[in-house]
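Let me begin by presenting the structure, written as structure tokens, before commenting on it.
The first chain written gets the first letter, and so on, giving A, B, C and D; residue counts start at 1 in each chain.
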Amino acid sequence: MSKFVNDPKQFVPEMLKGIALANPDALRYVPAYNLIMRADAPSDDKVSIIQGSGSGHEPAHVMVVGKGMLDAACPGDVFSAPPVDYVYETTKLLKSEKGVLYLVNNYTGDRLAFEMAAEMAEADGIRVRTLVIDDDVAVSGSTHTVGRRGVAGNFFVMKAVGAAAECGDDLDALVALGARVNGVTRTMGVALSSCTPPAKGAPLFQIAADEMEVGIGIHGEPGRRRAKQVTANEVVSLLLDAVVSDLPFQAGDRVALMINGLGGTPIGELYVLYGAAHEQLASQGIQVARSYVGEYCTSLEMAGASLTLVRLDDELMDLLLAPAEIPYRVF
Amino acid sequence: MSKFVNDPKQFVPEMLKGIALANPDALRYVPAYNLIMRADAPSDDKVSIIQGSGSGHEPAHVMVVGKGMLDAACPGDVFSAPPVDYVYETTKLLKSEKGVLYLVNNYTGDRLAFEMAAEMAEADGIRVRTLVIDDDVAVSGSTHTVGRRGVAGNFFVMKAVGAAAECGDDLDALVALGARVNGVTRTMGVALSSCTPPAKGAPLFQIAADEMEVGIGIHGEPGRRRAKQVTANEVVSLLLDAVVSDLPFQAGDRVALMINGLGGTPIGELYVLYGAAHEQLASQGIQVARSYVGEYCTSLEMAGASLTLVRLDDELMDLLLAPAEIPYRVF
Amino acid sequence: MEHSSLPAVELIVRTIAETAIANEEYFCQLDAVVGDGDFGYSLARGFEKVLEDFANFDRSSIGAFLRKAGLVIASRAGGTTGPLWGTAFLRAGAAAGNRQALSPQDVVALLRAAVEGIRQRGGASLGEKTLLDALAPAIDRLEADLAGGVSDGGVQALANAARVAEQAAEATSSMIALRGRASYTGERSIGSPDAGAVAVGVIANRISAAWRDFRAQRSEQS
Amino acid sequence: MEHSSLPAVELIVRTIAETAIANEEYFCQLDAVVGDGDFGYSLARGFEKVLEDFANFDRSSIGAFLRKAGLVIASRAGGTTGPLWGTAFLRAGAAAGNRQALSPQDVVALLRAAVEGIRQRGGASLGEKTLLDALAPAIDRLEADLAGGVSDGGVQALANAARVAEQAAEATSSMIALRGRASYTGERSIGSPDAGAVAVGVIANRISAAWRDFRAQRSEQS
């Protein structure tokens, strides 16, 4: 296992400690609940936004806590939804007069944990609303009773509601906004390799060196099909076909285009994908008005990428451009 | 080869095209010379700063062109210094009354290319000065006639001289500043895996799954020794021992600490290293005043990390905190 | 199993916990085939905490005891497992109420309440390749065996129920997963049993053995 | 090799170029052992461009022709190779000046100028495991063989020089690399020959063969 790790069971806490040490003024770390929160939260003038999910998707979500994004993140172990307790205790610590907004990626474990925590928090008199994010077009069809997964597109929901919350928007407005963003956001990913959770010590699934998993989930869940690897341009075509036809995006649309690395793919390759996607979209009359290339929602060290499109309007563009300050930064 | 690539020989141009498409207003791309330059450069009120090196180290250097950082980057192929021509033509396009500053990582190929280009540009009446960066402590001792390598620490030189150039500092002042930053910057890296240049299609070197290369270079060059993998805390100890003792850094120093990913290591692991390094430094009385965790100078998809320390003073801190706008960004 | 008292309930809970911990890796492996490989981990973390706090659990009634176990599981186990298994114990506790002993019918009612909790919380129906597909038929069998009255304290009935659970778990192999992370594998989930269902089988088997030993000791002593 | 004229120089340059391109992968592999594996790639890209522009090179003199080749190599080949090989051709061109033909002594002087250019540009001394360690002894041998005059137009002298280059390249195996990317391998570079030196040997060998054929054709024709 070629990883920087001490005791694998302490991987998540040690990562969180590192984040806290790197951001002593901006963040507070509560080890008992894997909680990373803004040092200046909660405030009764602002809805508290909480996201939680399994770990291993960094920078999502523990590295995007800060002004204009999340107020807190309470991750579970690698690829495991957080225990109810973490969510409940986090909710109590982030309690605000304006209410608490849960952003939940649509996975059974996450939904159940937040649902139970919400019941408990509401019993304490805390106002909670939950927004479920499900941007992954790979999962579709009638057999999927669990619905679509939430993947890299959750960045846009966090960014938009984070910016709006900073302006003082109330809980219901934020839920409506988040639902609107989720409604115009679509993603599909492709994996070129597997990944190894530290505590497991072995790859999550097997994939041959010349194969790819089309429609991969961010926990190594299978997607639509296993196929032979193809060129970067062809990868972009098949991702775009699935994503564009789903909403559908149409000629004349202005979009944000995200090429998200899954953890092991260098950013140079992501830009090769970006260039191809930008041009293929242009040829369909879809204009990329804002670009995001890098790692936003990963699967440990998995080689692969996902492509997200968001249909923009002026309000959404403003929210995306609003300033934000988080641990995940260059300078 | 699990990579997103079309024709491997077109890997670098396609990456550059992607960068240009993602930043249509800020950047200009000149395919003939692999050139990425600020759209608003050159200006006779500002020294033009050019960096060039092999590709495969992204975001260095093509993704850090912009206000407050580089004015242009002209990379060679993957892990290969740029041809003289690229550097020379770039220099002509970036010609400024205030002069042109070359930032060159200390590798023979890069030095020779910039040296020949400088001779040619000076013959054209362009004022050029060159600053060689050599922060890697792995390479030392009397046998190394080529001197130390320039690695991730070059970020701090670019950031500092980039900020100072934006304030109108003249060429000599920038060279002096850059030399000063380089003089207080030290780095060492460790690799847990090899990497595969697209045009080569096979790993650059062989390393067993339980081994690490201590003191790795950013082109897969060997370091100090091959060893069995150890815990994250032990990795930090041995990197810090080498880096701290070299300058040496001392109790009472305020430093910037960078944990740089080499391309294939997820940021969660980098924060595990960061936490350990921060604490080990604190126990030596060295205070981390500014942190950088992420990818700054990579080796394609190599699993591994480097640790950089910079001794700070107030002027340098201000330069690091000065705003900058580059393609490599989160929002 | 004429009238199960708190010591009997403690034994069952402890046996579940020890089995979960002992099989952490096996259960993870099963989940890795069609799911995401964390089931054994989540289950073990939850029940580890149960054993850790065991001595201090509220023992004022069987219901209080089971509710406490449920809270600990829900609070400590991540994934889908924490909420589902936590809810199961909480509901069983609620069904037991402040009883100090359970009749065979109480035991069945308590198990039915647990199943109903899982069903409500997770929204799954039978045949969707979840632990319900092992749990429900095993309880059916137990109810049938206990209905006519038993002479051995339920030893044979539990053994039968465990066998049904194991067989039913095995039979989930032919199902297509429609719930949890495994559902993303779609058709590919066919051919491997559901991790949660197998866990129910393994645990039922251990409970059956533990109960047999427990009864044997009691009759020696008496 | 009494008096080499432009066609002879063209043949040599073309042979170097074709050999570099044909051995791209082999030279990369050699560089990968102790260096960073790009030597063959850089060399091939440079000489590809030489062949591409070949027809349009300035042919007003041997010096002009060689300088043009040097410029193209320096401008197109990356790595250390571009500046070093480019400089070598530029210096050889400068030494040739506007001559239309070269005496054997001119050829040696031109090669010495190339070596001196590499030495100045790269700062390497003999014994530091670079291409100089094959090139310098081969030129020494060529100079010695040509000194007494030759009757076969230099065919045998070139063959001898090529053999010396190959042997010297082989002998770099025991050296420790002190220049270029290979120097970072330190002690580990011992046991494998230097890529640049091997390339010089291979190229010298191909030049020797090409020259023999060229002379044979000429004598048939005459």
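Note that contacts are C-beta pairs under 8 Å (C-beta built on N, C-alpha and C of every residue); 3 or more make two chains touch, one makes a residue touch a chain.
None of the values given here were measured: they were computed from a predicted structure.
**Q** Using each chain's Cα centroid, which is most distant from the centroid of chain B?
**A** Between chain B and the rest, the longest centre separation is with C.
**Q** Centroid from C-alpha atoms only, then distance chain A to chain B, rounded to Å. What do you get?
**A** 29
**Q** Find the geometric centre of each of chain B and chain D from their Cα atoms only, then give the gap between the two centres in Å, rounded to an integer.
**A** 34
**Q** Using mean CA coordinates as chain centres, what's the chain B-chain C distance in Å?
**A** Inter-chain centre distance comes to 56 Å.
**Q** From the mean C-alpha coordinate of chain C to that of chain D, what's the distance rounded to whole Å?
**A** 78
**Q** Sort the chain contact graph into one of these: line, ring, star, complete or other.
**A** line
**Q** Could you please specify the touching residues of chain B with respect to chain D in the complex?
**A** 54, 76-85, 88, 107-109, 112-113, 115-116, 139, 143-146, 149, 197, 199-200, 204-205, 217, 219-223
**Q** Quick one: which bits of chain B touch chain A in the complex? Just the residue numbers, please.
**A** Counting only chain B, the residues touching chain A are 1-6, 11, 14-23, 55-56, 58-59, 63, 159, 192-193, 209, 212, 229, 231-233, 235, 263-276, 278-279, 288, 291, 293-295, 298, 300-301, 303, 305, 320-321, 323-324, 326-331.
**Q** Quick one: in the complex, what on chain D touches chain B?
**A** 28, 32, 35-38, 41-42, 45-46, 74-84, 86-87, 121-123, 128, 176, 178-181, 183-186, 188
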